[in-house]
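I've put the structures underneath this note.
Shared between the two complexes below is chain A, which has chain B as its partner in the first and chain C in the second.
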Partner chain A sequence: MLSSFRKQDKKDEESSTSGNPYKNLEKASVLQESRTFNETPVNARKCIQILTKIIYMINQGEQLGQTEATETFFAMTKLFQSKDMMLRRMIYLSIKEMSTVANDVIIVTSSLTRDMTGKEDSHRGPAIRALCKITDPSMMQSVERYMKQAIVDKLPSVASAALTSSVHLMRQGPEVVKRWVNEVQEAVNNDNIMVQYHALGLLYQIRRSDKHAIRKLIIKFSKAGLRSPYAYCFLIRIAANLINEEGEGTDSPMYDFIDSCLRHKNEMVIYEAASTIVSLKCVTPKELSSAVNVLQLFISSPKPVLRYAAVRTLNKVAIQYPAAVTACNVDLETLITDSNRSIATLAITTLLKTGNEAGVDRLMKQISSFLSEISDQFKTVVVDAIKSLCQKFPRKHTVLMTFLANMLREEGGYEYKKAIVNTIISIVEENPEAKEAGLAHLCEFIEDCEHTSLATRILHLLGREGPRTTTPAKYIRYIYNRVILENAPVRAAAVSALAKFGAASEELLPNILVLLHRTTLDQDDEVRDRATFYYQLLKHSDKALNSAYILNSMNVSLSALERLLHRYTMEPTTKPFDVRSVPIETVHVEQPKTDINIGVGLPRGGTESKTNREDTYGEQLAAIPEFAHLGPIFKSSLPVDLTESEVEYVVRCIKHVFSHYIVFQFDINNTLNDQLLERVSVQMDGSAEGFEVVHYTPCQVIKCNDTGSTYTLVKLPDDSSAVTGSLACTMKYTVKDCDPATGEPDDEEGYADEFVLEDVEVTVSDHVQKVLKTNWSASWEEIGAENELEDTYTLSIATLEECVKKIISYMGMQACERSDKVPDGKASHALYLAGVYRGGHDVLVRAKMALGGTTADVGAQAITMQLTIRSTDESAVQVIASAVE
Partner chain B sequence: MGLFDAFIEWLGLRNREANVLVVGLDNSGKTSLLNFLRPLEVQTNNIVPTVGFSVEHFSCHGLSFTAFDMSGQSRYRTLWANYYRTTNAIIFIIDSSDRTRIFVAREELQQLLSHPDVSKRNIPILFFANKMDTRDALSDIGVSSALSLEDITNKSWYICSSNALTGEGVVTGIEWLSSAIKTSHEQGKK
Partner chain C sequence: MVLENSFVPSLYVIKGIVILDNDGNRILAKYYNQSFSTVKEQKDFEKSLFNKTHKGAGDVILLDNLTIVYRNNVDLLFYVLGSTNENELMLNSVLTCLFESLSTMLRKTVEKKVLCENLDLIMLAVDEICDEGIILESDPMLITQRVQLRLDDIPLGEQTVSQVFNQAKEQIKWSLLK
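The block that comes next holds the complex of A and B.
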């Protein structure tokens, strides 16, 4: 009795000192306590507490060592002798937590299988989940029988647990789970809506790779009529995925199914169908209207959730198809005053996108009335809406710009401020009329800006755009203020911006020199270095120097530069480091955001990040000894398909261009499940054009449903001005038949076979890397007319836009000075392109084109183009010129 | 609670509890034997190879047993050692019809006996020469000599032939085990 009193006292004390009793746990003492598990009889209450501590500790990120985890785990297994319900469930949780750290966790397999088939219903589901967590591929066979039974169990909780666990097991042993398909199919017909949903999910996972089977599955269940709205939503997502992947139109039966769901009786299903339809790639205004009609009904629903969902989706639709949403405008107007501010914000921004120019002022007024009440996240939505408005109504820029400037002055987090600054920057870049006003607002903003990254961005922009305005002098004050007042990174950016003014303008040069000279005494190394560097450069007032080192930055890939410099310092050499051996940074092409992802669709595989693509290729190739002497990769092309997508072997080719060689990488996917390929190589023939195959690196084995890579090394033709052409490709390999289940080959021998692929084209653009010259004309002067080539062509292309697009894609060069955008209604245009030719030679192209001219066909539109090419290398000029012919 | 407990103990009303470890090669009949000891209504006809271990409860002669039924498959035998320390008795089951693998059983027994958690303690070991009904089964004496049980000097042990399916011989063995545990318990008290 006394002891229990004391315990209580102690407890009170603990709870009064700290709110969380588990706050100051020590791993060693908790593990020490876990020895209690070995006692008989089991003290359930105490053990539950200890297990809680252990789970808490693991979830707080405490790392258990393998031996201590195993020891604790085995002590815990002894608790299976207790029949205490709570304790048993804590054991399940602990097993799941420790399954990855402890050894021999399979020791509890039999205990768990007994619980999952036992009489205690509340133990069965958790036991299944714990069992699947400890099951490794080698154990799959032994649990199979139990899982099959559990999937078709009468109890919904058991069946659901088995189904969801099976989805996880798919990762371990898909082959075994696939054998349970009959049971899963039975579970789809279960009356319980959750079981039905989970069963459908597993069925999809099992059939996933077989598009035809998925198609049949959808058609079957759309007719059979599922009870579960969740299952319906899932079917809609699968169907949408299929339509998008296969590029089907709205005439497909999959679309009919989604469309029919718009008339389902459950609101969730209706919404899912509507939001799926609007995000389909193939959707046309006609189909859109039916989905929008449904959403329109939701707008006037009394349920806030539905209103929110509908208006959010409409908001996204309005970005791409404003016309389709116009029909809802009247209903949206009523939502402006909705008591839920999130709904109101979305309604207003939707109206902003769909409305006409006259309504903008009114809506902006409305929104500013409650702007202070909404969260940053929704303010960002407003900013996005304003951005699209500016693109739509360029004339409204004064109203919108003032509004943005006001928003910029108010309180807000980094993300919010970033969105505003991005919007202003994009307006400045798109709309020349708004440029001066926008720059003035930004100048004001950096006077009091706490975000270093934003300040440096703005300074960079000022350096680029400022010198070209009518009165560049007025920006100098703002920039120099930064040099005096700000932290080191901002000061450094300000110095660079100042130097750009100095390089661009003769008048300002003396003043800039004075300012830079003062900054050479800065206390920060970087700032001082930059100031000294620019001061010395500007003193020469040499155009070529200015262009190369101030106005246009170095365009090498920074990660590659770092790697190569590191390698250079590792090996002692007297040879100076050659910057030209560094791969050039690919210009990040900004895609207009057309996809409206509203959170529907199934999770897709991660997209390959483009920035590091070439680095990874570089490492892959460097690992092959035959390619070691080739030097760094100049350019890797995007993968090109050499086969249809439905054939036995799907082959993609990537061209890696080196200074005198090309390595063709063939990624071969063996889609057959009963054949194994060995010694795979791709024979190439390009002798007619002077390409010479030097070496084949075959891929030793490509297993069933697996991908392998083989490489072919080709030497470029000796004539350096004729480096394009097409090469015939034939895949040669040895086939071995094998057992689809095990993947083991049936016989030793196999037979040789070959497979003809499409030709690989080597084009001009393979030899050229895009480079963005921020100041193109300065570079043009710098290179000079030494290797100039000028010619006039007549092209039978109807519009200037098309002509610009074609030239860019043929030459593979980057358009500078925004010259890729042709203003409306103009009859002539000048296109400025920049690039680096294989071997590191700068190439610049000026194409002046005008509508008119005559071609062979009478009546056809034609364009006359005067093409001027300059480069530091003569053959580069020849090759680029050949791209036009 | 102490007083009340002591009173019950004094009256001998409470079942004393004992942990028993059941080991032996795979397919020797451990799970079947324990299945026979379970109450009639929860017995099962479907015995599958144990993976890891499972826990059984049964009582006999005033003793309540908690039996840890270990898996006998070779890859799991190393896991037995985790349970030696906390056990009050060991039941070692031998398939007396499997003359080739009886030497494997002997190997495993030697390892068990030399384990520090077992060798230093006086824990009773009960051997079942199981599957006595099969035609070419060894007798309990034959099994005993094949395992050289006579070398065990510091522990009480007992061997009997059994048939786990019909229960023949099982009760005799368990009765010995209960009395042996009681004795060792009393010795421990002194």
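The block that comes next holds the complex of A and C.
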């Protein structure tokens, strides 16, 4: 039988030097060979070889068809008649491998059951594991008795197999396994270290929801001691989980147990305890120090794995408690030259977090010496560390920026390059001093950049920031080079960037026009169109046009625009399409990210679910005939609670603002399980402020523990400058008692009832949509002083930051030019806001504020604010001004 | 400072055990969870893992959000994979166990050729060390005992002889049991 092998061997040796006889297996011939299984007497050795081949093939990723697998599987069952021990073991392995592809694998159940209770000890454990792999909990009942016996078997291999298989079964259906709790309990006291570990794991799975039992378990074993280091590690994890979930402090006995493990004799347990302590919620710098001390000892261990583990954990600690790690700085320095680059990198990034400003230069030099040898993932870690360093020491930007620029020039994948570019961009945006240097580095990078998306991003940034630098002309060359050399998307981005320079600078305009004119002959449609469009636009040198079409882009929601345009083309009409009817793109609020460290394995980012909130509401409302004529929604507010959270009916209100109406959507949650609500509506009264209720859309029925929506349509006051106020709300409905079990109403009649809700406020911010103007001053000029309103206020607010925050929230507008960030130690600040008022009118606000001034309260801090509002609509100006009181 | 907030303690510690040859080809690879959904993804991962690790003396690396402890020997590479929050020393104990057991079974010549000739033993050993991600046993002595059922007949290349031997053994056993 070895002849076929030898042949392949020879072939192999010819093709490569590899000594792998399985290398060139063919599925068809292997399956052919499996016919040998039917021969009697069984040729054990040959069959073992064939099974090995089959498993090897599956492991290499060869797909077995269902029929093939089933046929082979059935042939294999004949091998159970052989007594060869090795063959039997290979059969178990094959059963496990093929159980997912072949049909009717349960036919081997009886053979396996016989083996698991049989006399041959070495078969019993593997047989149990194979059996549990092919059955599900519902079928376990027939072998339940044997499983219980196996769990407490005196042979460790049998007990362990039964316990681990039970853990797997728990995932599918915990009910059966839960009945074995007494046996598991007994197994925890087994003398064998692995059995103890497995039993502890299973016991925790069974008892997990019972906090009290878990607590008792930990206390018991922390006193009695465990034999297995694995079990100790597991117990530490359970204890830590309990502390975090129950919000306990370091005075808990659970914490004492973890702390005591720092003095265990096994390194694995000591490290587990130390790394657990530093990741506890409740830990304070005082408790940290004992854990850090242990890790510090590990740093100088001769074992690389131990050093790696220690420095990785210290790196984590340094993110939140840099001071706690400073004590290890000397030891960490020795790791910089570690032969394992992962360790060296972690050491350096830790030092970057804990070190002082003076050490930065030296550390950067150290990193650059071996940067080429570490993986991209670690390089990204370094980039992240540099990013936080830039925020910490803004004065070091020259060193750091040069370093980043060097990294950009080196080889690296897209993710890594993206991280660097992002870091440079954020430095450029945050630190005005670093702007020109950063832009210069980026210019150099796009000269030789293979990633289209990065090049277009940088070109966009150049277009935005370039014209405002001292010498905008020097960027033109870089940008125009792209027009000549790159692919179409990059060329198009470059053309847009060029146009921005032309729009912003009179001086450069003639040159830009020449360059754009040359590009009008580009072979790509998009590039040519952009060039022609910008060329014609710039020729007029009209500031308003430039601002509207070049410097500030359209701010409509693209998905809504697409939908509306589609609808427009469907209905032939002579009316021109009105862009202002398209809902405005909501500004994405970037969540401040917590410092990312390499230990976190979670996928970063995530899709923004909020983007199409308005679209979904739009579709819901359009389904109600009364609201069809209202037009598109201008803005939907976030839900506001109108009740306490623990009352019978929990009501939340969402305001949908249309150009002349507001639809109030009330989401009512009926928390009672013995009452049914019918014909629910919310009566509103706002007549005092001029709001007029036009229509109620009641919710026909809200079942127990269910949520329903009712709508109230309100017309806005005729006086277009007084559109704010509060409306009283009362919920009216018919109650029917019902059976809590079935949810069926007891009587037919029911009775009317009402429930008073909190008032709904309509504020200025409901009428305004945030819009980000990338070039605010250009828009300011574009709107002009036609509808301008200027006033000075004295506000009793203590700090500029707070003042900025309040104004933004009252007006509901977007801060532009990063003016929402107040530099430290400044006595005055200018805030630039942009928004779109209901009906599609642009609104811009400039608020110049200064500390000082006098208020009625003597001695209280006050801020003097000069507010200027411009808009294309007069009433919008009035409304916005009314937001400041 | 909660870095793993949704972390529930479980016995599932090992994410994979991989053995590659010195060209980066897979000899045996077991992945115990769904970190890689397709074989292609697995092989791509193995390729990048190999590129990062085949030069070094071998100890530990972070790749694709996995902590991997590894060991180089002659023309073979052994890897044990775990999550980035895993106790590295625990993973290392599994790697040590894997290597020591193979070393005993292959009589200290842990080389590709010998390993491939005894692939069935290797498969059984891996199966005894780790059961779908749970560490089943970490003592190399026990692993060797549990796997090497026919220690005596391994050197015998002749099939007929071994068969005779086996039959003889069986017969003796049966006569004893009766």
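By definition in this document, the second predicted complex is superposed on the first by the 507 of 885 C-alpha atoms of A that agree within 3 Å, B and C clash if a C-alpha of one lies under 4 Å from a C-alpha of the other, contacts with A are read in each partner's own complex, and residues count from 1 in each chain.
In the analysis below, a residue touches a chain if its C-beta (ideal position, glycine included) is under 8 Å from a C-beta of that chain, and two chains touch if they have at least 3 such contacts.
Because the structure is a prediction, the values reported are computed rather than measured.
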Query: Where does A:129 make contact in the superposed view: on chain B (first), on chain C (second), on both, or on neither?
result: second
Query: Does chain B (first) or chain C (second) touch A:111, or do both, or does neither?
result: first
Field: Larger contact residue set on chain A - chain B or chain C
entry: C
Query: Touching A:342, do we find chain B (first), chain C (second), both, or neither?
result: second
Task: For A:40, select first, second, both or neither according to whether it touches chain B, chain C, the two together, or no partner.
output: first
Query: Of all residues in chain A, which touch chain B in the complex?
result: 38, 40-41, 74, 77-78, 80-81, 104, 106-111, 113-114, 139, 142
Field: chain A residues touching chain C - in the complex, by the definition given at the top
entry: 1-2, 16, 18-23, 43-46, 48-49, 51-52, 55-56, 59-61, 83-86, 89-90, 93, 96, 119, 122, 125-126, 129, 157, 160-161, 164-165, 167-168, 194, 197-198, 201-202, 204-205, 208, 230, 233-234, 237-238, 241, 244, 267-268, 271-272, 275, 278-281, 283, 304-306, 308-309, 312, 316, 319-321, 339-340, 342, 375, 377-378, 597-601
Message: Which stretch or stretches of chain C touch chain A in the complex?
response: 1-5, 7-11, 21, 23, 25-30, 39-40, 42-43, 52, 56-57, 59-66, 69, 83-85, 87-90, 92-93, 112-113, 116-117, 119-120, 123-124, 127, 131-132, 134-138, 142, 146-147, 149-150, 157, 159, 162-163, 166, 170, 177
Field: Contact set on chain B toward chain A in their complex
entry: 17, 19, 49-55, 57, 66, 68-69, 71, 76, 78-79, 82-83, 85-86
